[in-house]
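You will see two complexes here that share chain A, one where it goes with chain B and one where it goes with chain C.
After this line comes the complex of A and B, so read on.
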């Protein structure tokens, strides 16, 4: 019995060792949750995925954009991941490619290759708060969510679907954000974001993002396959549907250089 | 009178005696009912959206709502800034305009802020596209920088005449507000915040005039005007009526009782409006004023007869019973016709007029109930003292009767000529609903908007959503060229101040992509290129300043917005028609597109309401005429009565066309509402005429004299009271109410003219031809009381 009790206590202690003690401040706990999410996503290397964006307005009209995204994990301080986005549809922007080297706090480096002009143009990217190709997603919603981009504050626990979630606030630290704060729902089990609320400069609710259809890759990395963003001020919405994830394709720095853009076709 | 009336007389007498016996209970029950009804007043609120003027079925509203669902639902607040001296390119001023622009994002429900300082200025930077604020935070604002900003701003068609005047003396910060439309507090919240911003700016810059306009300010002005009116007109109305009663009744008890009746009627009606969830608007807040005017007539008829009887020596109880017996039917009839007239406002397309009609109809019904229940019961309680004296001021009326009878043909000929001339003038009236002019200059919105229109650009806009051939079609060079042609066509009109079009952005990007060479300021010639420019530009825009307000979701349509001079809605309708023709000839994919927007909605509001009210007025006219025929028990007199009931409105509009020339929304409802009121005088005149002919076998001539001498004085006195009442409305801060009051007063005046000059001559001439009234052989039961 004694042994069993000890084992049980040890088990409980082990289970909860990942959970911060009550002595921690809400700020520390919020950051700790973000670190857990980040930690679970280390080492995926590189990936490719197809994306279908569906844009809808209040009149019920919709429009579809198709693109594929190649990403490269960058594990350096102050730098975020790199990504190369290739537009497939609609036809008149087919072959347009968007390359981005994200930085955690400073403005990102961004280039766009315009096939009709056969030229690469650098984008002044102070403005990462604008809508991404007319959708309800801002560019800043789509880039990798590095821990250092925000300060945090844990609020409470709350059921989310059949799981339990940490609910925390986070406040953008980088310049030119369109938001004053975001509220995130991150589940207890896998530390994946399930829902994000975005609050505008007035502090009013602007958008709500729900992330569903999580699937695990390489036995470790979780990816949501469906992102639903609803703008509560305009009634517009955008759905992102991801398909055909592939990992460890052997992509490297060279595949994410400006000079690569022109040779993509 | 006929047997039916004898039956009614007996019952009314019985009722009157019952009422006097149970006077305390009747007064108590009346007060309880009135209190219960009036308690609904706590739910009354003021509507804060101009959209309430349009029914959900209104085609212009539906078109605009659809447009707003496709792009973005937007209202706006525009802060217009003009230094008393010099231009706006002063470092201190620009710095604070920049700060104001930043702060404006915090206005409740703001979704976008456009100003000179945050204009997304795209430039070529080496081989790249730079997109940044025209006046960034780190702008030095030294002499060279100010020149750069000035040149860029004044050369830019996207902002010149919209955010900055060409003379550089006036600029504006435009806040786009997306109201959730869930609560009536949204507009006051936004306005309060904007006003605080403006106050702060004014304190920092006393050398600058700052004006606040836009559709949110318009919304706010509606509620401010309504609140102002209810606070000033109602007390004024009580004052006028108190004066009238003092002169007419010369009885403290009678005045107190009447004040209570009209007060309870108005309170009950407004309270029931609260229970029904009606939101107050400038038209519907005139309801209590109108109810007070209409309700007083019932009381006065009953009290005057009672007091007259007492002055002749009757005791109070007898006088009261007798008064009820004589007045029960006419008071019921006149209330019924007025009730019908106001209910016909339900045919109006504009819900505020339906509310006005329903609240007033409730008030008229309440006034009738209180007048035949509460009033006599209260009079039975209150001490009433009168000096016994003979009454007789019919001298003037007898002379008028002599004149009309003696010169019947000449009078009729002149009247017919006058009516014909006035009717011929009616079509000259121009329908105009410039909603800014709805408000008089005491309302800040009017002053500020006039100022903005004079120095920069106005609030009047027309917008077109131009479909392209298929998804992504807006990048089609042919489509773009035609949209640009349309913009140029619009700009060629003197009344067009500014045109916002996506083609200017394409031309600008093309120039940027060619090293800012002005020669390349033209539309890209290939579809893919245009689409990719757009993608590049869109990816460079910051939060809130995207193109979603100009391009629809699948890029198959763009929105073009024309800002207009201070033009009449007539001119706007012409522009809309001409644009529709141009589009069907030159932009096939947009054939059939018409203009949209709030100003366009108001441009068609009067016409649409008149169409609705034609049916309503006709229905009211038929119902009221049938009521008259039944009451007079004569089809023939009913038909004759059509003339004096119908003609006054035409005469009033004829006079209006000469004196004023323009009319808006108010015009649609005047005929119906005044019909129910003017008919009262006709009823009184005809019933006396009828009584004389049937009971005493009088000739038409004698009967006309009898009618003049018995009701002539009462008719002009009550008409004078009504005219005074509606004249009070002309003091409204809201032009529609003022016009409604003036036109109704004018119609009532024409009504009494027609009743005194046209109706008797018609009776004389038609009776002369047809001999005795064919129905006068009906058995007579009793002599008329008077």
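After this line comes the complex of A and C, so read on.
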């Protein structure tokens, strides 16, 4: 083995190495962490999950939403994943469906299906920061977390429960976000987020999200099964409880067309 | 959802689900009726039920839907009525799906008038906004292609429009006859056909449609019958081409619907064109405010050779408020002004959920200023406020 080959192999090893070097900036390290999270989630293909949302107000009164979400991974530059959300409860919105074709930075394409009129409506996707069905989750909190949607800055390492987390800031670069910045806690070993703090347009703490009950699917893909979002300005909170995910169902583009909305249930 | 996505999941047992709603409704008429012989009850209650039974076969390839509707109205005998909104078999094929039976479809994008939406007959006794529809018997084939979605409709049986009773509100100066007249010798059994193509190009959602068959809109022809003059609903055979386009960009929805119709006097064009612009999270609240503006044009003849319309040259302005709260509270207020005779009609719709299963709706339709030669003149005193409580199951 000559020196050139050795150098080339060393170079390749360096390229694929997942160990950040001391020389990198906090911005590079923050982005590297997000890339690690993203890389571990490649290839899941398609999935479906049922979920119960519990909305609580400051007085402790709660209301329930039941819905299912089908998702399709799209592995193309500039394009994000596709998702189809179908409501089951409350009963007056049963059958209402929401179809989203996300893009990394350009506006998403979104359609709403209203079963009472049997009407499919293309809707504006500018409303990223608005509440999703009256909950404490904004639309932008629920779409796929693409790496290119933010810039990053690593802050520190910190214990999170009995684990250790990378603590980083991220700054939305897509338009119409309701946030100036977010602070994320990402686990050292599985690179899954455990907590996110959201800061509003004035820079004040707005909401805190905790992600728990992670389970692994297909020996690779981690999914949190309980998300707790607490609004620190209003005292309201929303819990998302996910049932078991199903993966690799063979869904394709055709299942995420707007013409499918009239045929769901 | 998997069944709907056409997946073959290992769950061979058929699944059925019963859902629906029951309604208590009160219509309040603050003004005295315009014509002698019309009931003058200020408060007019009714009850309605609309269950829906859906059976999905175990393979996920077939679905049966039954959705009857029944209303009992205290004052309008014709509004006490039943219908099968849906009673159909849906089959998911490979690259196509097929519907056989009674079904409802919606075409179009505009808010103030549903011009291209022609498949289903309006259930006019329910509401004069023509958003309530009768189930239409049909065979519908839908095919997804690389160049958009194609739908073909064969409609073997026609449904006549419902009208309020002679002594009820929302009748005109002359009563509507009980029996209709048809241009086609086959009467209600003329085979009607329709084709529709839809596709999306970036921000543009486009639909093009063609209909050949029995006009859903009747001409009301004054005829001497039973010793009085009645309006006979007369259904012509028409050809109608329609286009609907919505361009979605940022907070703007630009909307256009246009039709060309032949078969009722001279061929004519009609259109609705406008926008909806939404201000999100106004005044640092969670509420959205949508501003709507639409222009309505209709070039049909007014000599009796075509059905009359109030929308020859009108402007609709509206506002939609969505609170985005846990009760889904929404308001939609609108005014239609006739540019030529200055007639004005107003509408307000508000709704919110109560708890998990109840929903309350308030609707008002007001006619503060209607010119004597406007089509709406006959119902100018039928200002109505409707309060509706629905329980969903």
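Keep in mind that, in the parts below, the second predicted complex is superposed on the first by the 247 of 265 C-alpha atoms of A that agree within 3 Å, B and C clash if a C-alpha of one lies under 4 Å from a C-alpha of the other, contacts with A are read in each partner's own complex, and residues count from 1 in each chain.
FYI, a contact is a pair of C-beta atoms (placed from the backbone, for glycine too) under 8 Å apart; a residue touches a chain by one contact, two chains touch by 3 or more.
All values derive from a computational prediction rather than experimental measurement.
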Joint occupancy of chain A by chain B and chain C, clash or fit: clash
First, second, both or neither for A:98, with chain B first and chain C second: first
Contacts of A:55 with chain B and chain C, given as first, second, both or neither: both
Contacts of A:112 with chain B and chain C, given as first, second, both or neither: first
Partner chain in contact with A:90 - chain B first, chain C second, else both or neither: both
Chain B versus chain C as contact partner of A:235, first or second or both or neither: first
Contacts of A:130 with chain B and chain C, given as first, second, both or neither: both
Which superposed partner A:139 touches (first chain B, second chain C, both, neither): first
Chain B versus chain C as contact partner of A:259, first or second or both or neither: second
Stretch of chain B penetrating chain C in the combined three-chain arrangement, among 220-228, 418-426 or 472-480: 472-480
Chain B and chain C footprints on chain A, overlapping residues: 55, 57, 63, 90-93, 117, 119, 121-124, 126-127, 129-131, 133-134, 176, 178
Residues of chain A that touch chain B when the two form their complex: 55-59, 61-63, 87, 90-93, 96, 98, 110, 112, 114-117, 119, 121-127, 129-134, 138-139, 176-178, 200-202, 204, 233-236
Residue numbers on chain C that touch chain A, as the complex places them: 1-7, 9, 17, 19, 21, 54, 56, 63, 90, 92, 97, 104-106, 109, 131, 142, 144, 149, 198, 200, 205, 246, 248, 250-253, 278, 280-281, 286, 288, 324-328, 353, 355-357, 359, 390, 392-393
Residue ranges of chain B in contact with chain A within the complex: 66, 68-73, 105-111, 125, 127-132, 178, 180, 471-472, 475, 513, 526-533, 535-536, 538-548, 551-555
Partner chain C, residues of chain A touching it in the complex: 48, 55, 57, 63-64, 68, 70, 84, 86, 89-94, 107, 109, 117-124, 126-127, 129-131, 133-135, 176, 178, 246, 249-251, 254-255, 257-260, 262-265
